[in-house]
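Per-chain numbering from 1; labels A, B, C and D assigned in written order.
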Amino acid sequence: MGETALFWIMAPIAVLGALGLVFARKAVHGALSLALTMISLALFYIAQEAPFLGVVQIVVYTGAIMMLFLFVIMLVGVDSSDSRVETIRGQRAAATLAVLGVIVLLTGVTVRATLPSEPTGLAQATPDGNVPAIADAIFGTYVWAFEVVAALLITAAVGAMTLTHRERLFHRPTQKELSIKRFTEGPPGEAAGLPVPGVYARHNAVDTPALLPDGTPSEASINRVLVARGAARSTEEFRHHPTPADIEAGAEGETDEPVGGDDDTNGGERA
Amino acid sequence: MNPTNYLVLSIILFSIGAAGVLVRRNALIAFMSVELMLNAANLSFVTFARMHGNLDGQIVAFFVMVVAAAEVVVGLAIIVTIFRTRRSASVDDASLLKL
Amino acid sequence: MTSTLSALATAVATEGGHGGGQAVVSATGVFDLTWLLIAFPLLGAAILLLGGRRTDRVGHLIGCGASIASFVMGLVLFFAMLGEPSDGRAFTVQLWEYVNAGGYSVDVSLLLDQLSMAFVLLITGVGSLIHVYSIGYMEHDERRRRFFGYLNLFVAAMLLLVLASDYLVLFIGWEGVGLASYLLIGFWQHKNSAAVAAKKAFVVNRVGDMGMVLAMASMITVFGSTAFDVVFASAEGASTGWVTVIGLFLLLGACGKSAQFPLQSWLLDAMEGPTPVSALIHAATMVTAGVYLIVRSAAIYDLAPDARTAVVVVGAITLLMGAIIGCAKDDIKKALAGSTMSQIGYMTLAAGLGPAGYAFAIFHLLTHGFFKANMFLGAGSVMHGMHDEVNMRRYGGLRIMMPVTFITFAMGYLAIIGIPPFAGYFSKDKIIEAAFADNWVVGLATLLGAGITAFYMTRLMLMTFFGNRRWQHSDPPHESPPVMTVPLIVLAVLSVIGGFGLLYLGADIVDWLAPVTGEAHHDLPMPLWLLITITLATVVAGVAVAWAMYGHRAVREDVPAGNPLTVAARNDLYGDAFNEAVFMRPGQYLTRSLVYFENRGVDGAVVGTATAVGGLSARLRRWQTGFVRSYAATMLGGVGVVVLAMLLVRLP
Amino acid sequence: MNAPTIEYAELAPLITIFGAAVVGVLIEAFAPRRLRHPIQVGLSLVALVAALVQVILLAGTGMVAAVGAVAIDGPALFLQGTILVLAIISVGFFAERRLEAGGDAFAPSASSLPGSEEERVLVRERMLQTEVYPLVLFAVGGMMLFPAANDLLMLFIALEVMSLPLYLLCGMARRRRLLSQEAALKYFLLGAFSSAIFLFGMAFVYGYAGTLRFGEISEALTANVGQDGILLAGVGLMAVGLLFKVGAVPFHSWTPDVYQGAPTPITGFMAACTKLAAFGALVRLFYVAFGGLRTDWQPMLWAVAIATMLVGAVVALTQTDIKRMLAYSSIAHAGFVLTAMVAADSSATGAILFYLATYGIATLGAFAVVTLVRDSGGEATHLAKWAGLGRRSPVLAATFALFLLAFAGIPLTSGFVGKLSVFTAAIDGGAAPLVVVGVIASAVAAFFYVRVIVLMFFSDPAPEGPTVAVPSLWTAVGITLGAAATLLLGIVPGPLLDLAQQASIFVR
């Protein structure tokens, strides 16, 4: 009686979970629905005198395998969702037809078969309980299968390593080595590191070259990637070209700063 | 309880899994659908094991889980590789080989 | 099981169960060495083809040596065979067991009897002459060694074909000669036409091979074996329906290899190969394999009158068709090829007449081998002297420049049109007699064929060796070197005395073959002298018409193509115009329509089928969309079908 | 509980292979990089040869080993031996390093991004992906186990052991890596799909018979009245899984795509060995376990065989890529083998074994030739590029022509004898109409084989055509062996036919 109730409660949930997998737009939702189905299946296993399998189902399948799926989904992009538009002509119709055909055929066969209305049950086959009996079978009758499965697991590990693991083939210099190299090989001016970008009078940003103490802008202060992308400001923009008027003004005394250069005080702190 | 109920449930789950392979573009979902099919088969095995009163079906189900674990690793590795080169996990995008 | 059957076969054969069966005994003494016949040329081919450039300088000598060695071996066996009693001349030599799959086994064993002996001598004898001739003909070809390798390969395969004692082993030789022919037709592969012709020969021959394969499959189904002895012995016990089916399948195979209607189209194109090839393979030997097959399968055809009728009809159609095509061609080799078709039609027709005709078919095959090889080599000699010109409209008056070629060619010419006492007279006349004895219509067809043969061969002769000179070369045509003319002379001698010799000197060919083919005497519906007179009169008429059209007037260099009215208006000779309107025009139309049919009809059928299959292929190919989901859908559909199929079987 | 007895002597070939594979994995972990390639190649060859010797020593055994899971009998040993021979030749092709300037056919590192700087560096440094060899050994182990499996569980596990490494290997091509990875994805998804179907069928068969052992299943076939539907559906579903592996229509669609995308030596290995193993398993399952249902599965296999032969032969006609053409040809050949299989005559098994052996050798050779015809982009697989190859490299073209003629079943090649024996078996088994279809399909097939021969020998070479690379001894020896065997088995097939016939008794 209890089993019947369990079945009629959990079976629809299992089917819903399965449908969720097929209809969810986001892969994460699909994976979670599948986990739901698997947990219901685990309950069915336990109900059908297979407690060991029920536990393994939850621990290995739902716990390990589905988590692996989730990891990969994260890697691929959690947010990506499938468009609902079918691009292959006739695919949905063909799929529906084929799936319905298979359901009808197989269900027809199963329902028509004269199966015993009550199962024999495993009480006789497993006098010492389920787990010892399974252990007996795995390490007795099916020991060769058990041994061969090892090949499968090694293959999986080796395969995953070959396809995804990038071995570091060349020695990568450490920070210490880099700094020693800078001192021994680089120009003495760079020994203390490159100048930090940003012109503090009008800008304070990575796309702006630093002005060296002599007032010239330094190209080395800007990230090369920005230059390559064309996102950096030209150093020319900041080069100071003294005009005759400037020289004259400079001779009069440094009172007349250009307009807009007043925020010098804000950017005065050098890190 | 009548084994037929479990079997019909397993057939339905199997077919839904097959449908998933057929209609879902996302390689991960298609692959999860295959896992659903394997699970459905396992349910049948467990049901039949109980029906016949021998453990063989449960043993098969156990080994299927092991095999599935290995298969998942390999499959996900292939999918990740494809994703890294194409930035897409859609099986429809992988259709250069044809005719 | 097989051994019991073969024991049975031997028993039946000893009793003379079917047409002239004789006891087949295991070979002893010199006959044990029959395999050497094949081994010599095979070894030659192996040395030449695998030896690489090292054998370049002596390649042609090795090739000739292998062929001649085989011929000498043939002669030794022949004389040994003469020493045996006339009904004890069949020997088998078992070499090794080829296939033993389940209840079906095939031995590679050779059968040497009177029929295969005749072929062995023809193949090795004419083959050796052609090898020698090729030394001169291919002198300037840098791939001569390879050419000789292929020729040796051909000889080996052809010998295997005629010496096999099992249809399957015969089929291996059959495919072997096909391969050699294919390689040799396309030997000058730099010519696009040669490549196309090779392809066509291959394609058409596959249709014939299907016939062979189906015949063998039927034999396995009905008799459980393809060995000659078992098949022939058990043929009598089989239903007429099956025997007829086997006979028809074999006929299809024969049609493919022997260029008989409706599979004749490849032969004309095959002339793209070097001329010695045309002489050896596409005139003297390979194309007669179909006739050999039918005669060898006498025991089957004896029991299947319907299949025999089909053979006669095919032969009659081909003989007329070939002759008419021969009239239309200006290319000397193609005219000869048409003639070959026609002559093989004669043989096929004779073979279809049953025991009354088998021996005559082989007789004509042998004499044809002599004179046709002679003429082809003569044509080659002409081409050699004319800088590879093949168009007869550019020849003319060559008899003075090339006297040896002319005289030898003339012998062949007289032989083919059937002037006594040249070889063709005896053999063709016998066929015409047998045909008349069988049926008026068939007889008339052979008679008409003889007339047309006389016409087109005279035309060829006149256009080439007589009349005005239509060639303009700085260096005039020259006679070929002795290495080429000596084989011509030998073949010319054979063309002269071959018929008479085979019929009256030593053993009569008919009696010689009787133990294999059986014998049947026929009653002519008219006195023999009258038939001979009518035949000769027809031949003379053919010659006369040709003389009137080509010997009398200058041959035009361009191809006359005006419409008949214009021609008649321009032409003062109303007699000619009349001739043209009454005889030539219908003839030309017939010719044209035949050529058209040949090109469109049969080829069309082949090409059409190919196109249809190709279209289907392109359509099916589209299923391969590249989408893995479509594939999965196909698979799931397949699952439904498979499961349904499994369930449906139990349903009724 | 009693300790199970495992017949180590009889299982020695399998243990050797799996053991060597595991050692190979350890070598990957511990051996210095530069030594890995020679060690792996040597190890693989030694293991394969040792296993072959063990198989030969076992000849004549007829027993069930490993608590009933593995049958060591004629068909199993014959196929194991053949697979090992083919694998030895294949390893030679994998080890070929002259064609790619120091590299082999595999990506220097399957994990590097195609076209990346890293890949360029790896190519320049002549790095090699040596994990290939242990993976191949695992696959060989699975293939050897597959036709020997004597219960359903073993059958399923062997199927996976054989398939998983192949899925991985398909994606490791050095050139055209996107196509290669796509092939791996397709093969994997469809393969997993088919094994799920297979497993479901297994569940139904178990549901009917209540046992996994083939022998017990065959005894149970008449027992359970009223449940036939379950059994038949199960047999159908299981057939689908196996027909997928042999590439029968309508489960063939992966074949051309995967064959084209995979690295060519792997394609050859797969085309030859997978087909052998899968047919061995199919025949054992259907003859031993489902032999009593013969009349039920025969009509279904008739239909599949006809569709397979015709689709394979017809679609191959319009292919323009040599690898795809060979793929369709392999589909057609699966159909030819099915004709004998359908007949289920006593001589059928021997004929199938012989056919598979000869087909495997010729296939391996043909794909090896494909690796040699190259242009700047790697292998030149487009048919148009093969035009006039006979003039540039007559020996190579002639060898390829020999393999094609064997595929076409022309006399004096092994293919002819093979075809003859399967067709004879089919006729004996009362499947004459099937043979007629087979002959027609062979005739159609002959067209496209000959088309290639004509193209090679009678067409003008393309102006910028491919060159024929000079291979190292590895490939040269392999191709020579293949060609010699093809020719020799066409002229003197007797000994091997006898061997196949003697080996055709299944232990039950």
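Here, contacts are C-beta pairs under 8 Å (C-beta built on N, C-alpha and C of every residue); 3 or more make two chains touch, one makes a residue touch a chain.
Labels paired with UniProt names: A = NADH-quinone oxidoreductase subunit J; B = NADH-quinone oxidoreductase subunit K; D = NADH-quinone oxidoreductase subunit N.
Since this is a predicted model, take the numbers as computed values, not measurements.
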> Does B-D or A-C have the larger number of C-beta pairs in contact?
Replying inline: B-D
>> So, comparing each chain's Cα centre against the centre of all protein Cα atoms, which one is closest?
In response: D
>> Roughly how far is chain B from chain D, centre to centre by C-alpha average, rounded to an integer in Å?
In response: 25
> Approximately how many whole Å separate the CA-defined centres of chain A and chain C?
Replying inline: 75
> Cα centroid separation between chain C and chain D, in whole Å?
Replying inline: 43
> What whole-Å value do you get for the distance between chain B and chain C if each is reduced to the mean of its CA atoms?
Replying inline: 64
>> Where in chain A do residues touch at least two different other chains?
In response: 88, 91, 94-95, 98-99, 102, 105-106, 109-110, 113, 115, 141-142, 145, 149, 152, 155-156, 159, 163-164
> For chain B, what residues touch not just one other chain but two or more?
Replying inline: 7, 14, 17-18, 21-23, 25, 30-31, 47, 51-52, 54, 56, 59, 63, 67, 70-71, 74, 77-79, 81, 91-92, 94-98
>> Quick check: what residues of chain D touch more than one other chain, meaning two or more?
In response: 110-111, 153, 157, 160, 164, 167-168, 171, 185-186, 189, 193, 197, 228-229, 232-233, 256-257
> For chain B, which residues count as touching chain D in their complex?
Replying inline: 7, 10, 14, 17-18, 21, 27, 30-31, 34, 37-38, 40-41, 44-45, 47-48, 51-52, 54, 56-57, 59-60, 63-64, 67, 70-71, 74-75, 77-79, 81-82, 84-86, 91, 94-98
>> Applying the document's contact rule, which stretches of chain C touch chain D when the two form their complex?
In response: 96-104, 168, 171-172, 175-176, 179, 186, 189, 194-195, 198-199, 202-203, 206, 209-210, 213-214, 217, 220-221, 610, 613-614, 616-618, 620-621, 623-624, 626, 628, 630-632, 634-635, 637-639, 641-643, 645-650
> Which residues of chain D touch chain B in the complex?
Replying inline: 110-111, 113-114, 152-153, 156-157, 160, 164, 167-168, 171, 177-179, 181-186, 188-189, 192-193, 195-197, 199-200, 202-204, 206-207, 210-212, 256-258, 260-261
>> Using the touch definition from the top, list the residues of chain A that touch chain D in their complex.
In response: 105-106, 108-110, 112-115, 136, 139-145, 148-149, 151-152, 154-156, 158-159, 161-167, 169
> chain A touches which residues of chain C in the complex?
Replying inline: 625, 627, 629-630, 633, 636-637, 639-640, 643-644, 647
